[in-house]
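Listed next: structures, encoded as structure tokens.
The same chain A turns up in both complexes below, where it pairs with chain B and then with chain C.
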Partner chain A sequence: MNAKSGRRRVQAVLKRVPMTLFLLLGIILVFSLLTGPAKYLKLSNVMNVINQCASGVGILALGSFLAICSTGVDLSLGGIASLSGMLTAKLLSWAPAPIGPALLLVLAIFVALAAGAVMGSLNGLILSRTNIPSFIITLGVSKICETLSRVIAGGTTIRVNGHAAFEFIGSGSLLSVQQTTMKGARVITRSIGILPVSVLIMLALYVLFSLLMRRTPFGTYVYAIGGNYEAAELSGIDTTRTRFRVFLLGGLLAAVTGIIMTSRLTAASAANGLGMEFDGIAAAVVGGAAMTGGRSTPWRTFIGALTISVLRNGFSMIEMLPAMQMIAIGLVLIIVVAIDAARNRR
Partner chain B sequence: MSDTILEVRNICKEFPGVKALDNVSFDLRRGEVHVLLGENGAGKSTLMKVLTGVYHPDSGEIYLHGKQMTFQTPRDAQKAGIAIIFQEFNLAPNLTVAQNIYLGREPCTRAGFIDRAKLLQDSQRILDFLKVDIDPNAKVETLGIAHQQLVELAKALSIDSEILIMDEPTATLSDREINTLFDTIRSLQERGVSIIYISHRLQELRVIGNRITVLRDGQSVGTRNAGDVAMDDLIRMMVGRELKKERIRSVNTSREEYALEVENLSQGKLLRDISIYVRKGEVVCLAGLVGSGRTELAQAIYGITRRDSGSVRICGRDIPRPLPTRCIRQKMGFMSESRKEFGLALNLPIRTNITHAGLKTIFPSGIVDLRKERRIAKEFRDKLRIVTPDVERNVINLSGGNQQKVVLAKWLSTDSEFLVFDEPTRGIDVGAKEEIHNMIHDLATQGVGILMISSDLPEVLTLADRIYVMREGRIVKELGYEGITQEEVIAYATGGVAG
Partner chain C sequence: MKKILVLFVAVLFLLSGVSACAEEYEVTLILKDNTSAGWRYLASAAIAMGEEIGVKVTENSPLETQDADQQYNAVLDAIEKEVDAICIAPVDSAGIVPALTKAYEAGIPVFTTNTRAFNEGDEVISFVGVGNEQGGYDIAKYMFAQFPEDETINLIIIDGNRTGQTTLDRIAGIERAIAEDGRVNLLDSQEAKFSRAQAQETMENFLVKYDDIDLVIALNDEMAIGSYNAIVAAGRVEEMLISGFDGTPEGLQAVLDGQISASLNQSLPGQGSEVIKAVKTYLDGGEVEEWIVVGGEVCTPENAGELLTKLIK
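Moving on, here comes the complex of A and B:
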């Protein structure tokens, strides 16, 4: 093995590392310089970012990725998350409940997931029966979910009080460390969860979907549809069924997001989750998905989702106004896609 | 070797306005290579699509092993043992070679996961059989066109089919790869696989074919044994009709000035070192088979695609970095072969379509004067006899011939001095065809330089002052109009004679 082939192997390995990872590290570097590494990189903030990812764009982004990979787009994910989160809260705040709290929790989660499945299937069904672009269908379904969520809320925020098992999903941790900080003369000891349940759920889902995309016919078909739709059809793939499943899975993932969101906030308002579909699309695209389909992987999408979460967290750390944050995220998205387009042209 | 395994009887297939297949019958014997030969549009590809369940015939029967079959979907035909390698690539570029070969038929473990070891092994075995050195784990998009074609072949072989259809398999292959392909075909034959082989390349037919059936205008003209048929006979069968049409252009009206000068233009493997010129007032035709690079040449001139090298002058001025807008400024017009995709805004009225390319010259102030626009539209409607009561009618409601006239009006309204017509009369009826021929003639007489691409040889012969014949991205012959025949043009286009 000579030096030249060695270098080629290094290049080959580097080629497999997604560009987005460097982008993410670059952004972390910039923020830690802006806010001071000690403050920015301390454990509580790091866990904060990861938790925000799990209860925010992290899981939902998988749904965005699936839809985009099969040449579609799913704009209903935020609405579904909102509706599922609202249903969870409504059921858990049922008082006096006719069933015990444990059973109620199971029922609430089941109903929330079922709502996600129904809405996802609605997307898939309309898509398979008509020629309407998924952009329009999911926009419509999103509005349906949003309105249902509002009706259930009845104009208020629905609080879930005193349901420890439910709160564990969004805020609990399997392992915690004690961290002491000095605030003036006072010593504050805080417990920081380093194995949060929601993060474990998110990671488990990424492992599952990575297997699904790489090791099952379904995953291959999704990529094939994105790569060359006609070839997929002529190869005898049932493209209708595959795309139906994509949107069904998207609805389920959004429902999981909604449940975790409500658990973390111990409350649901109709505004929760709205606009999250755009964060999901941004995460998928930053992760390397092409709107023409067939590109990127679940893990790349994960890096994209982390990037979005890091950006949001970092902008709050430097006390940027929320409106300005949207502008900054929008700019990052456009820059990433422009760089990608420039690289592909060569 | 004489038992018939596939028989096609009296197949008819009609598309709006075209009889694509007219009572076609043909049979395939076990282990033979049966060549289907015919000009562009003769119906070969339609027949194959009927055989593979992509199209459904209007009438006629298909018998497989003497049993009547109907194929609803490509899947049905696959199950019956008929595999096809389509002319256009049907691979997913983002998947690996192995994934593509077994797409839709992945070997699975009991748990429902793809059995990747078996997938790789099986793919490798087929690739080895084909004697090609392709990594089954490579993504298809990283392969060259020739290797992609071989992956298609591997995919077809993996179906374990009895009947294999190859549509122009050698179009993208080098000589060495063609030899490999022919070796493969022979070993498939020994295994009892029957092959329907579609090709334009006359030389190779007799090397690989057992029998040759010629199609023309959707009809089967006849079947010959490859061993004892003369090349001339095949060409005559392909061209057929002794249509001695009157030439429209009796005098050559070409002038001194050049409308187009192209020197040493190259673009990858599609266009190689092309030098042509068109004078003002001259009608020049580009003849050649589909895929010979005619449309690619026109698109490179017009700046739709980038050229690698060479120079283009339009109406006397160099266009170093061509773009459609720059070409239009130099008074060039381009009528694309697919007018619906590239030539017209179908959902807009005739009026706006006509002024689309010339908005800046017609309305120098930048404000569209509706009254003026309507007057111009009506003027062209009357001049070109576009059959419509109202120029406000949307273009989508017009017949093909009238749509083509609207595209023509669009370029005339910009006072073009150099016009490219890519298949100007494809899919339009005989009457409108005649009219468009006369218009092209009139335009040339008025001093417009015209470059016409046409697969319709009688059309070329009635209109052209000069003909360039293209083959495989090169200009192989320049012909004057006097005394040339269709057979001669075909011979150059197919390589039937040394260019």
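Moving on, here comes the complex of A and C:
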């Protein structure tokens, strides 16, 4: 009898742990066996994956999660990231600048975030005034952003030269350790950032959004809308305003991604960020979000984003053909959703 | 669920192609995409040369064209794999620099092929490719010479991708030739991202917009053929000449068939094999040139057949 209730308790706990976490650990295990744990799990590669996550899908996925959770979908995130990244580069490469470098940096970041907010609001505004589905609206806004980005770029890459404070956002770290490796007879010492600024920004945003979803009326409203739109509306929730805020926040998150991306590459081209919205959706779905809305959490989305980054890095470590990588990522996506659906039916 | 996981692991093993590596050196080759023919010629020549001289060449190019971020990640992944050298044709000559600096700090030599990185310094051991500025100049000069001396030449340029150094250099060369010639009237130019489909669309628009076009200079063969298709569809083949760039088999065949007038031999397979040779020489402790010149001759109906046999053999 005891054993039975014990097992039930274990099952109950297991059910609360996101399945994706097991999947992620499983994938890491497979990759470390294939690559050799010493190479795959060494500090520099672990930081490499987390960094790739923070400057790629990591932050943007939060925006995808919010949109999906409130029964929408946001296809403009990549476009907004491109536009914001481009604005940052354009302002920072302003020469001769009429203001000092520190002020210019503040201005550039402000303008980039403002652009994200404006584009996000545009999504929200059209959504609240019309019956057009969100994927159509955001697709249109995405194209607007892409075009603006191309126009600002004037068809080339905008380089940001020698702006140390700005580069620190995407490549800097608050704390570094030395890693020594042998390369034949040579000893190579590299400094590995273990508290990268971009990763800290990403984690801070996840903490913030986790609180926002759990502790504020806004979070409750989002889940309510996703759970049952009509019921939410009938119970007096201002659905229009909530969905407007969802897309506004999405725009801001995409803008942060754009800024970090530009900082990491120290250059912006209009093509940067385009298509990233699909990685964001994949991350949210792998994290457990249902396209019908109302499910998953920011931290689950984080695991989803990490899974995407681990897959990309792992496939390139095991030297899989790039075309094959897409099959594997597609398979993972379908398997996760299938298992999730099967679990819910039970 | 267990079955699915086991299956997944099995698939991973299969796809990864676990192979015994008896070769001496490991090299990661990062080209601009996995979709266009030109890069396949470069990659297969590099891999073949690697097998011949004992270098294990693994390609990790972004799937879609112009994905600078993916290339950046590919460089970082190669650093973590502790490869012996990285060969890259950067999509974004400026954006790739921070990643190349990281490779330099990790003690991994970098070779650029086809396209230079911006302001190449210590990070890059050598560049293998044609002088794109000179190539642009040579092909433009050759094409201008096809027209009578006192005639204005109405020119259309099908541009490549302005974030890459290759495009900027070729355009600079063409502009130098235009300035020298004095007869050329540049009607229009637009980026078509080195894609046949995009060039065809761009050319269709130009054909509607301009009644009098004498010459179309496309920055690669794919775009030249795309433009040719648009011109055929509009029934205006007799009105204008077209030139390409690259000297790919398709391009050379188009020159032989009279679809395009000329191309510039980049020798993409040559870039692939020479860069791997240079890597081997360097890793063995030998000296390599900062710029290893490959190709560079104008392909005309006279020499295209010969170049084509060389490529296909």
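Here, the second predicted complex is superposed on the first by the 334 of 346 C-alpha atoms of A that agree within 3 Å, B and C clash if a C-alpha of one lies under 4 Å from a C-alpha of the other, contacts with A are read in each partner's own complex, and residues count from 1 in each chain.
The rule is short, and it goes like this: contacts are C-beta pairs under 8 Å (C-beta built on N, C-alpha and C of every residue); 3 or more make two chains touch, one makes a residue touch a chain.
Source: prediction; values computed, not measured.
Novice: Identify whether chain B and chain C fit side by side or clash on chain A in the overlaid structures.
Specialist: In the superposition, chain B and chain C stay clear of each other.
Novice: Does chain B (first) or chain C (second) touch A:Leu234, or do both, or does neither?
Specialist: first
Novice: First (chain B), second (chain C), both or neither: which does A:Leu205 touch?
Specialist: After superposition on chain A, A:Leu205 lies in contact with neither partner.
Novice: Looking at chain A, does chain B or chain C touch a larger number of its residues?
Specialist: Partner with more touched residues of chain A: C.
Novice: Check whether A:Val30 is in contact with chain B, with chain C, with both or with neither, and answer first, second, both or neither.
Specialist: In the superposed model, A:Val30 contacts chain C only, not chain B.
Novice: Using the superposed model, determine the angle chain B, chain A, chain C defined by their C-alpha centres, to the nearest 10 degrees.
Specialist: Result: 120 degrees at the vertex chain A.
Novice: For A:Arg295, select first, second, both or neither according to whether it touches chain B, chain C, the two together, or no partner.
Specialist: First partner only.
Novice: Once the structures are superposed on A, label A:Arg215 by its partner contacts, choosing first (chain B), second (chain C), both or neither.
Specialist: Touch status of A:Arg215: first partner only.
Novice: Check whether A:Ala61 is in contact with chain B, with chain C, with both or with neither, and answer first, second, both or neither.
Specialist: The answer is neither, since A:Ala61 touches no partner chain.
Novice: Chain B and chain C, closest CA-CA distance after overlay, in Å?
Specialist: Result, nearest C-alpha distance in the overlay: 24 Å.
Novice: Of all the chain A residues, which ones make contact with chain B and with chain C?
Specialist: Of chain A, no residue contacts chain B in one complex and chain C in the other.
Novice: Please name which positions on chain A make contact with chain B in the complex.
Specialist: Per the stated touch rule, the residues are 211, 215-217, 220-221, 223-224, 226-228, 230-237, 294-295.
Novice: Show me the residue ranges of chain C that touch chain A in the complex, using the header's touch definition.
Specialist: 1, 4-5, 8-9, 11-13, 15-18, 34, 58-64, 66-69, 72-74, 76-82, 92-98, 105-107, 118, 162-163, 168, 191
Novice: Under the stated contact criterion, what part of chain A meets chain C in this complex?
Specialist: Per the touch definition, chain A meets chain C at residues 26, 30, 34-35, 39, 42, 44-45, 48, 51-52, 56, 155-157, 159, 167, 171, 181, 183, 186, 188, 190, 261, 264-269, 271-273, 275, 312-313, 316-328, 331-332, 335, 339, 342.
Novice: Can you list the chain B residues touching chain A in their complex?
Specialist: Listed in rising order, the residues are 54, 73-75, 78, 86, 89-95, 99, 103-106, 108, 112-114, 116.
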